[in-house]
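Got some structures for you, see below.
Both of the next two complexes hold chain A, though its partner changes from chain B to chain C.
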Partner chain A sequence: MKLTFPHMGYSYVAFKMLIEDLGYEVVVPPEPSKRTMDLGVRYSPEFSCIPFKVLLGTFLETIEMGAEVGISSGGVGPCRAGYYSIMQQKIINELGHDFKILSFEPPQSNYLDFIKKLWMIKPKRMSWRTFIQLIKKGYKKLEITDEIEFLMYRYMPYEINKGDTAKAFKTALDMLDEAQTVDDIEDARWEGIKVLAKVPQDRSQTPLKIGIIGEIYVVLEHAVNFCIQKNLGEMGVYTDRSIWLTSYAEKNVFVEGREGERDVFQMAHPYLNEMIGGHGINSIGEIVIYAKDGYDGVIQLAPFSCIPEIMAKGIVPRVSREEGIPVMTVFIDEQTAAAGLVTRLEAFIDLLKRRREQNADKRQLA
Partner chain B sequence: MPVRIGIPRYLSYFSFYPLWKTFFEELGADVITSPPTNQQILNAGVAEAVNDACIPIKLYHGHIMEIKDQVDMLFVPRLVKLRKLGTETFCPKFLALPDLLRATIKNLPELLDTRVDLTKGRFELFHIARDIGERFGASLTTITRAYYLACRALRRYNRLLRNGMLANDALEYMETGCKKSQQVDRDALSIAVIGYPYLVYDPYANMDIVKKLNESGARVHTVEMLTPRQLLREAKKMPKQMFWYYSNRAMHGAYHYLGRKRVDGIIHISAFICGPDAMLGRFMEIEAKEWGHMPFMTLSIDEETGSGGVDTRLEAFVDMLKRRGGQK
Partner chain C sequence: MKRAFLGIDVGSVSTNLIVIDEQDEILASLYLRTQGQPIRVVQEGMQEISSLVPDDIEIVAAGTTGSARYLAGVMVGADIIKNEITAHAIATSRFVPGVQTILEIGGQDSKIIILRDDIVTDFAMNTVCAAGTGSFLDQQSARLCIPIEDFGGLAIKAEHPVRIAGRCTVFAESDMVHKQQLGHSTEDIIAGLCEALVRNYLNNVGKGKEILPPVAFQGGVAANAGIKKAFEQSLGHEVIVPKHFAVMGAFGVAILAREKVEQNKEETKFKGFEVTDFSYQTRSFECKSCPNHCEIVQFFQNGEVIARWGSRCGKWDVQAS
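The block that comes next holds the complex of A and B.
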């Protein structure tokens, strides 16, 4: 059985290992490209969101590469993501491919179904204990992927030679990719951290700080968001993004006072009082938090036609006004062009710089 | 002076208006509705609402703009859940609607944004009624009476719809007692027009599709003409329920009409950039093909759709159905 999975940022490193560990052949999904997009757009409903289109495109590409089963996530709504796998299965069947999407519903919603799917994935001769250990190992790798990616963005604005940090990250990621046992993974982690820390840095400047929020897929998938974080980093901007695949970030990064998700909801409260699926409410809450943490600005990334993010965008001007933090919304679809985005980013950065100077002047006067 | 309460003539208006109107009037309030959708409302909505929103949300903004200055309070319920079916709620845009309005429209009167989640308990609707009633300072007897009459009005309205009336005709009938039969007789062509009530029943939004179909000799069937039982029976046919109330109803309705073969064709009215419709539309299309090649057409509505294009497409569709019918 040849398994494949959705491409999401750098997480493939971990999923690849997990599936191989379980003894299946793995078809590693290619990084989303123009072709992925074209395939996805051709067969998706017109107003489905970009994650849907790219994911469908990826599945179609991996089918060409021989994949037979795709692992995906389910969901309980109210957003569309939970219905992706059903629709994609229908579309793929209609195209006449023999390909099955195995979607994992969150265990809270359907416990039996979750166990059944695990049962299907677990090789018959493997004990549950080994199985669980392997999953834990995979998760560990995922956490470390998050960690080194996080460090890359942290160092990037200070780098002296443009591109060094990105290169160091690549080295670290490759090392991690090769590590197979728990010990190796731990070693790769330290090595990776060292490689990144060695990048020559100039700490005399205080870079602009921008928070990145929005819908999980376009925030995580650099191939779809035009490497926005890298771009900003290389323009000398410190970025922090609110969404990571693992809870690594919540455990380790937000020690300065972000207590898990609860807090985000509370922060969103005056502006939005209902869970609206996706990351709608998070987006609102996070703007408030970034404002409180003294960030200079926030960028909201959203797929075109994304229901929760459109609602969030409608509410953003009010949050921005009342919290006093500029927010730029970037809608991403198959027609978004990299060049246009860079221009907008530059303009936004200029605005933030000017604001910072004005504020500094004001403080001096006072 | 009685409190003037404004109800926009859009979105869930087409499903629940008799309930609200009766209830508020029994409480002693003046109910003011916005006029039927028109160009001015559309323009105002497009100008006010966040520009990536779907057309119904924009229209709703337009309706609010139209009446906000004439009322003391706007009734914009936050509709969350009406029944237990999978993890169904309303479209997320309904869920955040009051918050969105507060953020976008300036000088709003007070919003009565009652949260409606009827799965909380059997008497939830009454609890909601009591909460609202108490805000108006009404006694429990008045509230109970208002509640009872309101529910009765809604039942009557639903009965009229089920008997084949269109929403606006039914509302007019309830108000004035004059019966306007728009629909042509039974042995004509039958077409199921499927979509959300605020697209199917708003003639301005859908460019009068229903009337045009009638004029070309077709009888229109809608989801609201089916009983909840009939609809729920079809739920089993879906691999997984969708998450949105109106979308599920539409899909169940589509299955009903597909399965019984009582209609000659299906038209799906869909809103531009509607999230749920992206799923629903393709789903119906695939099913229509699988269930014996039912002719199927999607009409997508946005602020710039000219009625010219729609007319030609409708005509072609109806002609095609007539030819098919002739061959049988």
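The block that comes next holds the complex of A and C.
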């Protein structure tokens, strides 16, 4: 059985290992490209959002590469994504491909279904113990992928030679990709951290700090968000994003409402007290958190026509005003020309810089 | 020699050049149509403006803005390349003291800029559709065979503006055709279009923004008195169209160029008005290094690559200094 999975940032490193560990052949999805977009757009309903189109395009590409089963995730609440894998399955079947999408829903919504699907993935001769250990190992790799990516964005604004941090990250990611055992993964982690820390940095500046929030797919997939974090990093801006796969899994899949998650809801509470699907409520809560942490601004990324993010956007002006933090919303769709985004980013940075200077002046006067 | 500063704004529809002196007085300004050929229009504009400025001036700083700002920047040797939003805000706060809201409608995009205490605190640009921008008005004026210059004048003559759907250019156009076939007067239809455009702008670009007076209205579309009137009716207060409404972007970036050179005490990178004599060329190829197949644009000056854009990974990027 040849297995594949959606491309989401750098997570492929971990999923690739897990599938190979389980004894299946893996088809690593290519990074979303123009071709992915073309395929996705051609066969998707016109009104569906960009995550749907790119995901469908990716599955079609992996089918060409021989994939037979695709692992995907579902969703609950009022967001269309919950039905996406069902739609994609139908479209793929209509195109005459023999390809099965195995969609994992959050377990608490249907334990039986979750276990049934795990059963389908678990090789028959493998013990549950080994199976769970392998999943844990894969999860560990995923966490470390997140960690080194996080470090890349942390160092980027300070780098002296443009592009060094991105190169160091690539080296670290390759090392992690090769690591197969728990010990190797741990070694690769330290090596990776070292490589990144060695990038020559100039710490005399205080970069602007921008938080990135929004819908999970467009926040995580740099191939569709024009590498926004990398772009900002190279413009000398420190960015932090609210969503990471591992924290995502931790908060949304395994144990509902851990510490961090409850915080977000609590923070959103004065403005929004209702699940609006997707990451809508998170977006509101995260703005409040970033404001409290002293960030200069927030960028909300949303797929064009995404209902949860549109609802959140409607509340944003009030949150922004009351918390005193500028927020810019960027809608992401099929566009491939980055010029429009670059203009907005530059203007937003100018705004934040002047605002910071003004605040400093005010403090001096006081 | 008098010190002077050059600002160039290359937008989708128009290209504006401006030369100012140290007191921000305009020595020469030019409004040209880009016609999809920014290179040619910048070259022509440079030649034209060099004949308009007094002989005893020297350009000590140059800046570019607009959607072709990087292209124009490498062509003329700009000291500063700045986005339109910042450039507009800078210029307007000089002309409309205490301005708190700037409505800007250009050829392909429209934006709103909110200022408080002369500092930009918020802005938005149209994200999804060009409905309600200059290009659409251009198109409609061509369809109705009315010169775009007369559009605004006709609109304010209307007595009973008809209602036109403004959310989408397709809806707007079919609405206009249907109303026209019912026999409504052209004035009423044009006024209805202006109102629809303003409604769309305020609902889309201006959504959630606190629009406080003084309100300035600029960009190419500000020449249209019909739109100005529709804005005033809808907002309930006066809308100021600054004298140089069409060249505000260029003005702003000229001021920014001056500030930069004065601050850093640098020599200008400006190549002189002679850029007209160089031959410029843009050629592109598809990079095959990865499945992205990025279109790499190469920009040549006299056969030599002076800039390259377009790769997602940054592999090909060069910016000649």
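Keep this in mind: the second predicted complex is superposed on the first by the 353 of 366 C-alpha atoms of A that agree within 3 Å, B and C clash if a C-alpha of one lies under 4 Å from a C-alpha of the other, contacts with A are read in each partner's own complex, and residues count from 1 in each chain.
Throughout what follows, a residue touches a chain if its C-beta (ideal position, glycine included) is under 8 Å from a C-beta of that chain, and two chains touch if they have at least 3 such contacts.
As the structure is a computational prediction, the values presented were derived from the model and not from experiment.
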item: Partner chain(s) touched by A:Ser33 [first = chain B, second = chain C, both, neither]; value: second
item: Partner chain in contact with A:Leu351 - chain B first, chain C second, else both or neither; value: second
item: First (chain B), second (chain C), both or neither touched by A:Gln133; value: neither
item: Touched partner set for A:Cys227, first chain B, second chain C, both or neither; value: second
item: Which superposed partner A:Asn273 touches (first chain B, second chain C, both, neither); value: first
item: Partner with the higher number of touched chain A residues, chain C or chain B; value: B
item: First (chain B), second (chain C), both or neither touched by A:Met87; value: first
item: Contacts of A:Asn359 with chain B and chain C, given as first, second, both or neither; value: neither
item: Which of chain B and chain C A:Gly163 touches, first, second, both or neither; value: second
item: Doubly contacted chain A residues - partners chain C and chain B; value: 304, 314, 316-317, 331
item: Touch list for chain B against partner chain A, complex; value: 49-50, 52-53, 78, 80, 87-93, 95-96, 98-100, 102-104, 115, 239-240, 242-244, 272-279, 281-283, 286
item: Touch list for chain C against partner chain A, complex; value: 67, 82-86, 117, 119-123, 125, 127-128, 208-209, 290-293, 312, 314
item: Chain C-facing residues of chain A, complex; value: 30-31, 33-36, 163, 166, 223, 226-227, 304, 314, 316-317, 320, 326, 330-331, 339-340, 343-344, 346-348, 350-351, 354-355, 358
item: In the complex with chain B, residue positions of chain A that touch it; value: 45-49, 52, 76-80, 82-83, 86-87, 90-91, 94, 109, 271-278, 280, 304-308, 310-311, 313-319, 331
